[in-house]
Amino acid sequence: MNYLLIFVPFIALVLVNLLPKKLRPISSFLVLLLILAAQSIFAALAPFGLIRAVGAVRMEHLFGFHLLIDNLSLLLLLSAGIVGFSALMVAWHSIKDEDDRFNFTNLLFILLIGMNGISMLRDLFSLYVFIEAIAVSTFIMILLYKAREAYEGALKYLILSVVASVMMLSSIALFIMFCGGTSFEVIKLSLVSSGALARIAIALFICGLFIKGGLVPFHGWLADAYTSAPAPVSVVLAGVVTKASGIFTLIRLLTAVIGFSPATKDLLLIIGAISIVIGALAALGQKDIKRMLAYSSISQMGYILVALGCGTRLGLIAAAFHFLNHAIFKSQLFANAAAVEEQTGSRDLGSLGGLAQKMPVTGITSAIASLSTAGIPPLSGFWSKLLIIIALWVSGNYFYAVIAVLASLLTLAYFLTLQREAFFGQVSVKVSSVTEASAGMLIPAVLLSAMTVGLGLVFPFVIKYFVR
Amino acid sequence: MIIAIILLPLIAGLISLMVPDRLKGVKEGIALFSTIIGLIIAALLFKQNIMFTIPWLGFGIDLSFRLYHFSAFILLAIAGFGAAISLYSVAFMWGKEKLNQFYAYFLLTVAFANGAVLANNLILMLFFWEGLLLTLFGMIIIGKKEAFKTAIKAFVIVGITDLCLMLGIALTGSLADTFTMSMISLPTSGLGALAFVLLMIGAIAKAGSMPFHSWIPDAALDAPLPFMAIMPAAIEKLLGIYFLTRISLDLFRLNPGSKISLLLMTIGALTILLAVMMALIQKDYKRLLSYHAISQVGYMILGIGTMVPAGIVGGLFHMINNALYKSCLFLSGGSVEKQTGTTDLSKLGGLGKQMPITFICFIVAAVSISGVPPFNGFFSKEMIYDGALERGWIFYLAAVLGSFFTAASFLKLGHAAYFGKSETANKTKEASWAILLPMIVIAGLCVLFGVYNPLPLHALIQPVLGAKLEGRDFAGLPTNAIIVLITLVVLAAAVLNHWFGVRRTGKGIGAADHIHYAPGLSQTYDLAEKRYFDPYDIGMKIANWLAKLLNAVDKAIDWIYEKLTVGVTFAFTSAIRWSHSGNVSTYVVWSLAGAAVAIIMVLIR
Amino acid sequence: MGIEMSQMFWTFFIFFALLLVEGFYCIIVTYNFLRVLIGLELLMKAVTLFIIVAGYLSGNLALAQSIAITVIVIEVVVVVVAAGIIIGFFREYDSLNIKNARSMKG
Amino acid sequence: MNVLLLLLILMVLAGLWSILTSLLLRATIALALTSVLLTVVMFQMNAPLAAVFELSVCAGLISVVFISVISLTHRQPLKEYLARRQKRILRFWPLPVLLLVVGVGLSFVHRPVHIMLPHPTAFGDIRIMMWQLRRLDLFGQILVLLAGVYGVLILFRGNKNGN
């Protein structure tokens, strides 16, 4: 099963490209949709023992490397499946040109393989390679339409991404020198006896991941890249890609390799708190829907980070749960933004207004996702924030707990601004003839907001998923 | 059994959500059936004691339910209202849109409320508590087209207070080292006080007290009427006061002299007065009632806040009484709306003849809420007065004043709606039996609980306090004759005031003018009028001014919710925006600086 | 080996650091995207050097070489993609000046 | 060791040249020179395979890429270029100073470091290492290359609208 998760998409990618030209776009779309759906179902059901990971034993000799699935991997597999599915649905309707669409599916294939790889890897350098594969395909995805702005966003992302690579590779070199290898077991074994330079290596790698995940003050590229990316790309980018290469890898690293030392905890807490506050404040001042969502993304990553910074099991569960929630509601919000942009041709909050009357489904779903992000009960986002705050409080980080609560008010403030400017109030002149988006755009939004509500309502069972 | 009462409405709700709108009668059947079965189960469960715990998530979060006399009593009340209101909804909502959603939310509300009452674990309770918020959101949003904004407003206000509740629960849990409610007993000092206040905010916000009330009047206009009868008037109140009583009596060791008690009483007194003054100037049937729904909570909070047996028993008794007469009032409003098509008081009038049964039910409920003996509101209010007087005359004064205004506003309401004339009055017919039956039953209960008050007090309320009752029995007639006398005087004053008001202004209730300006009467009371005129006018001016001020306060609360955050953070925001210059070099420098700081941190720790 | 090894490490480390300083300085100070790309290249050179040094000093040269080769492959892909973006940027703005890439701010 | 030291100093100087020179073409050549020097350093350190890669890919391919980008984009008039040349000194004079300060400063730091010997399971042979133990990296490389291929397809394809 483990190998299938990366080889099936790979083989499918190759096969799809061998097809006659006419068949390519539709077949690649359908195949990828199928794979994503299968992956989501697998990841959702696997923890309950409903699907067995079959045939995982003998394959190792064939490929000669280890891919291990644990519950953390399933989390990323699930998020990648759900978000990829939604992005693909959005892409099918918002990308008009067939070639562009085909290129998008191809790159999404690569992203999917990359993320699946990341979820199962047990080697620091292989992790880096997969992260880089994701990054390269992301640069290209941002430039899918070759829009004027997109060059700027892609270049900023590229430059900071190389800086991140430099940090991570230096750290890998230090690990080779002071631990004698790059696989998780080797590093973990020798980390105990290592000195200051190994600790610097850890810090460097974490900083590289911070850049990839867009935490303050490493976040400069994030808002520009998200804003300038085409609609379906920003769905997948904000929903899971940067989180997979940044935050997820960090969780993996912390749990499997380096553990929680007081210094790491402090680092996570401080960076997390700064990200929460700065991200939320920056989002408050935005006029562009996507940019606002991008900054909100930074702030939400901060929440995950402070939860990790507790260093407790509960904190870890909270972080994982928030990771999933964020994947769901943020990709949904970007899907909504895509629908708004598609129908009105504008993302500027100043020129929108009263859209809830014209686009009721988009209005309600985006309200649900916004409120979930802000941690308004009983939506799923509330539960993860509750867990984060409890985790912070129980582990004695009262100051950070208070920051987390206050910042969730800020979150509420900027989302209310968004709702008020875009969806409430008088129907502005510009949108007076707007109609609801097409069904294809709405399906992911409705699906994802149903998930938000559903996860909130069956929270007890969801949390069991993570406790396992 | 204990699980069944949660699961039954839950499943019924989910089923009715799936029933398409075309199939008429199916959803109604499901709702009626499940609520009546629920009522039977609740009756069977009554007087039982069950503890039910299965270990669950770890971290002290267990699937733990506890049935004892208090929760059984609330359970019974919820089931009763559920049955009555589902019967009413069948008639009221027949043929409207989005019925499957309405019944689904309604049944889910009942299910979550049952769960919240039964839960013996704070986190589990919070879970059900939040479920209610979702159904609240859903209920409002299926109303009118503009309901979207109101729904968000309600969601945000209740959501924020629930955040407080959540913090309170986290704090309580860490202070008490357990989330199991029956094992918590904390002092209210230091962090304990903070925890109590946080939990209290959640509880009184659910009950709809000031300053968390402002969504209720809006929702009164936008949401379907049975929703108002069940959510703000009955179930939320029951839950909020239930939880407030639980935290004040069980979870925390409160004593009468404490600051917390003072805080509760102040909130109660302010809520009574401010909301009732707002009610006085309303011109819409439902909106007027919804402000009373807020004001009556004040009595309960005041009663429980006194922390003396008379007050607590009074508060709880008032809770059940209020649920009765307030839902009866809302139902009467719905009946009027159904028959006349409007709730605007200036368009209503003369309905008393055309809708006699509704009128009688309204009168019963109105005199109950005004505290006229021997109806139920009278007895519970007397107890609250008794308790309040024990703690300070100022609270007593507030309660009595509130009573005065309550009576005055209901006189106005009844006068405007049921007496006099209007264009539509003659064409109006009495409502159908399914609408009348719940009203009659509830009105009957109002009388029963008043005339034979030992029944509710002995069977339902006094066991809750147990040893804290100090052996006293509040059943029967009130013991303090002076308080009764004052009450009667106040009621008489209200009637007088109404009479003068109608005489003086003649507005809103214009149909009654000719009686008051009849030649013989006006000369007889000329002198009295001259003497009474000025204080009354000034009084009314002050009242108006206060009402306007309160309106401003109301607006200000809205403003804080919506604007102030933006204003305060604007400076920060613009500074941050300025620093994001779009220059990639800057971003690289930030990253490097961040990495440097990280490395230094790692090295020095 | 002890002290001698230690000395060698610090010597190599100094050169690694100098190359990093050059690279970052180039990224931060120059106005031309191609020069920024040259700065990035210098950083990658520094890192490749450091990886090989790590393998050389710890006797783990096989691992270090295989890692270095992978890094070089990735590096060339990134540079090619970057070159493509820069050419597109030039077509769009008719200039390579980095100051043109400041339209998104705030 | 002395040879290594010399090569490294040369490498830093070549890097410095590539930054300080005012002509882009020269900068590219300087970068290639840096690459070549790195190759020699790698040979000196007994890493021939990586060295060959570095030489062929970095010194060769990347230089070609750079030069083609320059030829596609470089349209600066000579006058402007000469004017800018004067200002460049203002921006770049701190670099050599900075390098000196960093170099001298770091040379005072001599803490003993504990270098770990290779893990017992590690293989000394690069071929075994690469083809048998690090297959996942190879798979990752294929992914990166695939992404690069799509990048070239998308980025170098002319705009459909004919621009």
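By written order: A, B, C and D. Residues from 1 in each chain.
Keep this in mind: contacts are C-beta pairs under 8 Å (C-beta built on N, C-alpha and C of every residue); 3 or more make two chains touch, one makes a residue touch a chain.
Here the structure is a predicted model, which means the values were calculated and not measured.
The interface with the greater number of C-beta contacts, when B-C is set against A-C, is A-C.
Centres computed as Cα averages put subunit B at a distance of 66 Å from subunit C. Separating the CA-averaged centres of subunit A and subunit C is a span of 27 Å. The distance from the centre of subunit A to the centre of subunit B, each centre being the mean of the chain's C-alpha atoms, comes to 42 Å.
Put simply, the C-alpha centre of subunit A and that of subunit D have 32 angstrom between them. Taken residue by residue, subunit D touches two or more other chains at 111, 113, 115-119, 122, 134, 137, 140-141, 144, 147-148, 151, 155, whereas all remaining positions touch fewer. Counting partner chains per residue, subunit A has residues 125, 129, 132, 136, 139-140, 143, 146, 155-156, 159, 163, 177, 180-181, 196, 223-224, 285 touching two or more of them. Counting partner chains per residue, subunit C has residues 9, 23, 27, 29, 36, 53, 55, 57-58, 60, 63-64, 67, 70, 74, 77, 81, 85-86, 88, 101-104, 106 touching two or more of them. All chain pairs that count as touching, in label order, are A-B, A-C, A-D, B-C, C-D. Subunit D meets subunit A in the complex at residues 111, 113-119, 122, 132-137, 139-141, 143-144, 146-148, 150-151, 153-155, 159-160. For subunit C in complex with subunit D, the residues that touch the partner chain are 1-3, 5-15, 17-19, 21-23, 25-26, 29-30, 32, 34-35, 37-39, 41-42, 45, 48-49, 52-53, 55-70, 72-77, 79-81, 83-88, 90-91, 96.
Subunit D contributes residues 1, 5, 8-9, 11-12, 15-16, 18-19, 24, 27-28, 31, 34-35, 38, 41-42, 45-47, 49-50, 53-54, 57-58, 61-62, 65-66, 68-70, 72-73, 91-92, 94-95, 98-99, 102-103, 106-107, 109-113, 115-119, 122-126, 128-130, 134, 137-138, 140-141, 144-145, 147-148, 151-152, 155-156, 163 to its touches with subunit C in the complex.
For subunit A in complex with subunit D, the residues that touch the partner chain are 6, 13, 63-65, 97, 103, 106-107, 110, 113-114, 117, 121, 123, 125-126, 129-130, 132-133, 136-137, 139-140, 143-144, 146, 177-181, 186, 190, 193-197. Of all residues in subunit B, only 577-578, 580-585, 588-589, 592 touch subunit C in the complex they form.
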